[in-house]
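In what follows, a single structure is set out as structure tokens and then discussed.
In this document, chain identifiers A, B, C and D correspond to the written order of the chains, with residue numbering beginning at 1 in each.
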Amino acid sequence: MNTDSLLSMTGIDKRFAGIPALSGASFAVGRGEVHALIGQNGAGKSTLIKVLTGYYKRDAGEVVFDGKPFEVSSPQQAQASGISTIYQEINLVPYRSITENICLGREARRYGLLDWKRMHQEAEALLRRFKVRADVRRPLMEFNTATQQMVAIARAIGFSAKLVIMDEPTSSLDEREVAVLFNVIRQLKQEGVSVVFVSHKLDELYEVCDRVTIMRDGRTVKTAAMNEIDKIGLVSSMLGRAIDRAEGHATAFSDRDEKKIGEVLLSAESLAIGQIVQDVSFDVRSGEIAGFAGLLGAGRTETARLVFGIDRPRAGTMTFNGHNFDPHKPSDAIAAGMGFCTEDRKSEGIVPDMSVAENMMLALMPKLSKSGVIDEKAQRDIVERFVRQLGIKCSGPDQKVRELSGGNQQKVLLGRWLAMNPRLLILDEPTRGIDIGAKGEIQALIKSLADQGLAVLMISSELEEVIEGADRVFVLREGISVAEFDRDDATEDAVMSAMAHGSAPTIAEAAP
Amino acid sequence: DAPPLKKKDTYKVGFAQTESNNPWRLAQTASMQEEAKKRGWQLVYTDAASSAAKQVADVNSMIAQGVDLIFLAPREEKPLIPAIKAAKNAGIPVILLDRNVDASLAKPGEDYVTFIGSNFIEEGQRVADWLVKNANGKTTIIELEGTTGSSPANDRKKGFDEVIAKNPDFKIVASQTGDFARDKGRQVAETLLQAHPDANVVYAHNDEMAMGAISAIEAAGKVPGKDILVLSIDGGKEAVQAVVDGKIAAVVECNPRFGPKAFDTAVAYAAGEKIPDKIINPDQFYDASNAKDLLSTAY
Amino acid sequence: MARYGTLIALALLILFNFAFTRNFATMQTLNVNLTQVCTIVIVAVGMTLVIATGGIDLSVGSLMAISGALAPMIFLGKIVPIDNVALAVAAAMIIAVGVAGLFGLFNGWLIARFRIQPIVATLVLFIAGRGIAQVLTNGNLQTFRIPQFQWIGLGRLFGIPVQVVLMVLLVIAAAWMLKRTVFGRQIIAIGGNERAAELSGIAVAKVKLIVYAISGFCAGIAGLVVIAINSSSDANLVGMGMELDAIAAVAVGGTLLSGGKATIIGTLLGAMTIQLVRYTLLANGVPDAAALVVKAGIIVLAVWIQQHGRRA
Amino acid sequence: MTRQRLISMLGSYGVVLALLLLVLFGWARYDYFLGFFNITSVLRYNSMFALVALGMCFVIMTGGIDLSVGSTAALGSVVAALASPQGALTGLGAGVGAGLCVGLINAILVTRLKIMPFVATLAMMLAASGTALLLADNQSVSVSYESGFTSIGQDNFLGFPIPAWIAIVAYVVGWIVLNFTSTGRGVLAVGGNEDATRLMGLPADRIKFLVYLASGGLAGLAGVILASQFGAGQPIEGVGWELFAIAAVVVGGTLLTGGVGSVGATLAGVLLLGILFNVLNFENGKGWISLSAYWQSVIRGLFLLVVVILQAKLSSRGSVAVREY
């Protein structure tokens, strides 16, 4: 490892409306090293990055980059100085083509005008490095989240930068894609480029990172070489306390009590919509956690959307609670007793300018009102209860949701549905982008909810989460439900092979 | 010379109106349409919706359709010149109605046949002259102007203000636009009466604003006609009735019934008669002395 | 803080007037300003709700014209003769306002059903609506003297002009609705994040329909007030330019045009500010052309103070 | 996919199709409709709207709006008329310069003071109109006929009206800027997602600044044509031009939310709306029905309704039409 420092930030302060997000944070990255930056939700990782790239103006502190004091006032300048950034939320332009999203800002020119042919070639070449095949002339919004994430990464790599910053690039990638990304990171490293890597998936860090910096409450509390610190060490520095976790479990889903599982609540038969969902069947019982596993784009989210009445299926039937179930719109599903935490928090979940309380009460509100008038007191009680129960870190129920960190926003959304006291809760990537502490809390919460008789349909791209958490696992592949595993049969190997080939034992046996 | 008009039994003529957003314009249009119907002529009617530029385009589309003659109520003095020239080039005679064009740029008998209409400056003068004679000590004037920048507003102000300037007893304490509209006229009058409690004359550039001013005066607890004299231009039936009722002191008529005179002129022109450069409509003047008798003849 | 921007501007204007405008400190001044601001506020209340959902309504002026054209046709017996004056007036009011509300509903239908952008959807009625009013009346002025009807423009309740009472009631009702009711919060949620609102079970299309209908309804009321004061209805001019006045009032009042946030009281203050600016300029004899420039400056200033306040 | 593409193509070329149909209708129904005189006079008149709509198109693609274009054109015409005695080019420069000044103020209000475009340009609509009236002393201002200033608006070049040439050049330049310069792509990116554009390191504020400036300049140019075509600077012209321009841009398939747009389709939108007026005038000349101005506005409203509903239907089925190069 090269200890010659490329970037050093010291004593960084940043306040939002008087509340400190960073206080005296420092951070140093060597040349050609891959440096992990971790911390709980709201620890200040994204803020630190945005301060570095000039998106936010820092209140105090010093930054030295490449041996010179570094003063930039816009991401544009940062990019020109050699810092390329992939931000936490995918920040691209959906209406524009992949090529534009990759090449904007460093266009190829001929006779002073844009050379589209060359730009298309360049975009294709970059994507090939990530093993992504896509028509680069089509608008970005026609592609799934993973491809979009890859485009964002390709864009950042395309600028020949000295430092590439990746804020949670893997949260919407599956394992195959993560592996590809890691290869690219290793290549970058060989070329002498430094990488800052933010992730909540601690295992990943050990694969590619050289050093790690841990943040807590706006401070950097520890920097260590990756091979000198173990996972427990990471976590306890993040949380600021010693932890004890049942050995052998990667998640908080230990010890489900299977006796409490009741009758079938929801069952779906041969659902189909467009090309994305071809033939999906499954059922969920009350008190049970049913998991959906599958590669990205397997059609899990689309299936969930059918169940919740967001889209209408072109074929298939559903029953809910023993009755035929054919929701036309989300409110039908909600009336029947369902809740749905979407995977895209920012655009489908929160109402950013509303308060924590208002966001949490959005679905429940009509029920808690007397002839249309809101019962403020009853709502406040409920909100306060959930803020406490879910451990939401906010200055109070009246803080705007946009000011919370991603993980806390997710908890608010969970609260929104839990407050409804639903019979079935659909959770699409419930712990995506959530720190390990909160993740454990949320998982424990899901478990206890199921224990109380709630039916849970959980979609997760984290295999461990599905395998350890779910009582039954349904595997989807290319829009078809290819396998079903009971808790005991759901081993990592079995599920993975079903995800990849669809040749699950049950189906293989049935086939001639 | 202006292009000739062939003698025919019936013609296809164009009428390019400037706008249809006030009773006066509506009466004018109705009069033209009635007359065309009566004579069995075909009338191509366009409405420029208060835009001089659109009016030129309208005239051009009439030229394209090959009308025999164009009646044009030019919205403005200068911008309509190109339309008149284009018609001349296409051999189509033009008769101007109610507003004239810039005499230095287009000449009657040469570029267009003639101008039939009223004289806005003179209208303002007539109102002022009446006031100077009948003021009875009421000399503090509020003026409600028409739409800012429009030629009747400019001319009615000019004619009135010039006469008042020659009579040092009189004073215009406020002059603001009421957009030729009743509601706006009322609101402006309310404000100005409040800011100038000593005012005792309101001169409005049209009937609509005068009616609005009457409401404003009444709302301020004063009596129109007694505490405050209201003067107006246009002389529509409602205004003349208000003169009879004593609410308006005097009003100059500006008669919109152009149809008969306009079509007669066209026929005379086709017959080869000599047409004067200007044909001024004889306009009535109503005040308490004659309003009752003439009420039935008001438009 | 956001609200204080407008308040400060308003206070400064009042101070200026005390110092420089003749005859300002009188009840009649208050009366004039309150009665003149009424129609703008009534329309702007509906507009605030529309803007809170992230939309805009350009058709309000035309809907005022439609309601203003319809009412006299009914109570003057041009459609069907009605002998009882009270009945005729009541029918006229209900039908005129109802029709304006229906046209508002039509706006909402275009926006909710076809997902046409509000500015374009309401542009349709902005253009066609006035035409409809003109076609109804053939463009002719309708004049009338019906005290029972004109009461809403000229009458007084406990010494306060009826239209002012109407305005205050509407403002209070809307402010309360926005703050305390489920419907109000749903409006804000839709403006803040429409997809999230839909996924939370809010009937987005229905809420939008109602909001645009309310805007049409408010415009209808304003149309009646205008013609009642003037004892005449001119389809060509009633409500002309009202959409811009109302939007300016909403913006100066501190409601973001992007939606997701709204203050009715702010809108009231915004309308008052604009009204007082107009009064000040007129009363001090500022030429109309210059007045336009000053008005522009004050709108910019007020909105800027607003946003500055919000960021601090 | 191909079906979807077809529909999205229809969405973007629908306006061209509608334009062709309307022209065909006019040609079949009216004598002289496609006569040289009518064609040139329609083009001469609508070139002003074309320029204003081009500026509006760019502003709207960034997700903004410019309500001040009509007053700016009026101001431009007054300033150009006042300057015209100094020569045709001086008049031209002065008119465009006045437009650029308004555009500059809009740009500063929007990008520096962060005032919402709707409000900022609404204020400038009042201010520009007031300034025009002040400069013109509330009256039309004669242009100088000696300086050759009127040639700009009234003469032909290669048998075609000069204003139409100006508009064509402006649209070609606009098309190249939009599709073959980074600023042009930046315009679409800013409209598509301003925050992302900023984070991607593009100068979002500079792009928006330029767009408002350009809109002002184009409106000023339209004002120059207005003054020279009609021989007078007209402070009270331009009322409602902004709505005409917005309608043309929208009919051309540009999303008001920004991020998607086409220069060519905007031109088609202008011609479509402009020729509709012309057709209504010709229809009146037929003597079949005499459409009062009132019916005309009802018909124009209905026409807009039909076009936007069709477009909404098309774009909800296909994905948004995105031009590829």
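The rule is short, and it goes like this: a contact is a pair of C-beta atoms (placed from the backbone, for glycine too) under 8 Å apart; a residue touches a chain by one contact, two chains touch by 3 or more.
The shown structure was predicted, so the numbers you read here are calculated from the model rather than taken from an experiment.
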Which of A-D and B-D has more C-beta contact pairs: B-D
For subunit A paired with subunit B, centre-to-centre distance based on mean C-alpha positions, whole Å: 72
Whole-Å gap between the CA centroids of subunit B and subunit D: 33
Between subunit C and subunit A, distance of the C-alpha-averaged centres to the nearest whole Å: 45
In subunit D, residues with contacts to at least two other chains: 133, 138, 292-294, 296
Subunit B: positions in contact with at least two other chains: 20, 148
Subunit A residues counted as touching two or more neighbouring chains: none
Pairwise chain contacts, counting only pairs that touch as defined: A-C, A-D, B-C, B-D, C-D
Complex contacts: residues of subunit B adjacent to subunit C: 20-23, 26, 145, 148, 174-177, 181-183, 186-188, 190-192, 194-197, 208, 211-212, 215, 219-220, 238
Residue numbers on subunit A that touch subunit C, as the complex places them: 308, 310, 329-331, 334-335, 340, 342, 347-354, 358, 361-363, 365-366, 369, 372-374, 376, 416
Footprint of subunit B on subunit D - complex, ascending: 30-33, 35, 37-38, 41-42, 45, 48, 133, 136, 138-140, 142, 145, 154, 226, 229-232, 234-237, 239-240, 277-278, 281-282, 284-285, 287, 290, 292-294, 296
Subunit D partner contacts - residues on subunit A that touch it in the complex: 53, 55, 74-76, 78-80, 85, 87, 91-97, 100, 104-105, 107, 113-114, 116, 137-139, 141-142, 155
Residue ranges of subunit D touching subunit C (in the complex, touch as defined): 65, 109, 113-116, 118-120, 122-127, 129-131, 133-134, 138, 243, 246-247, 250, 255-257, 292-298, 300-302, 304-305, 308-309, 312-313, 316
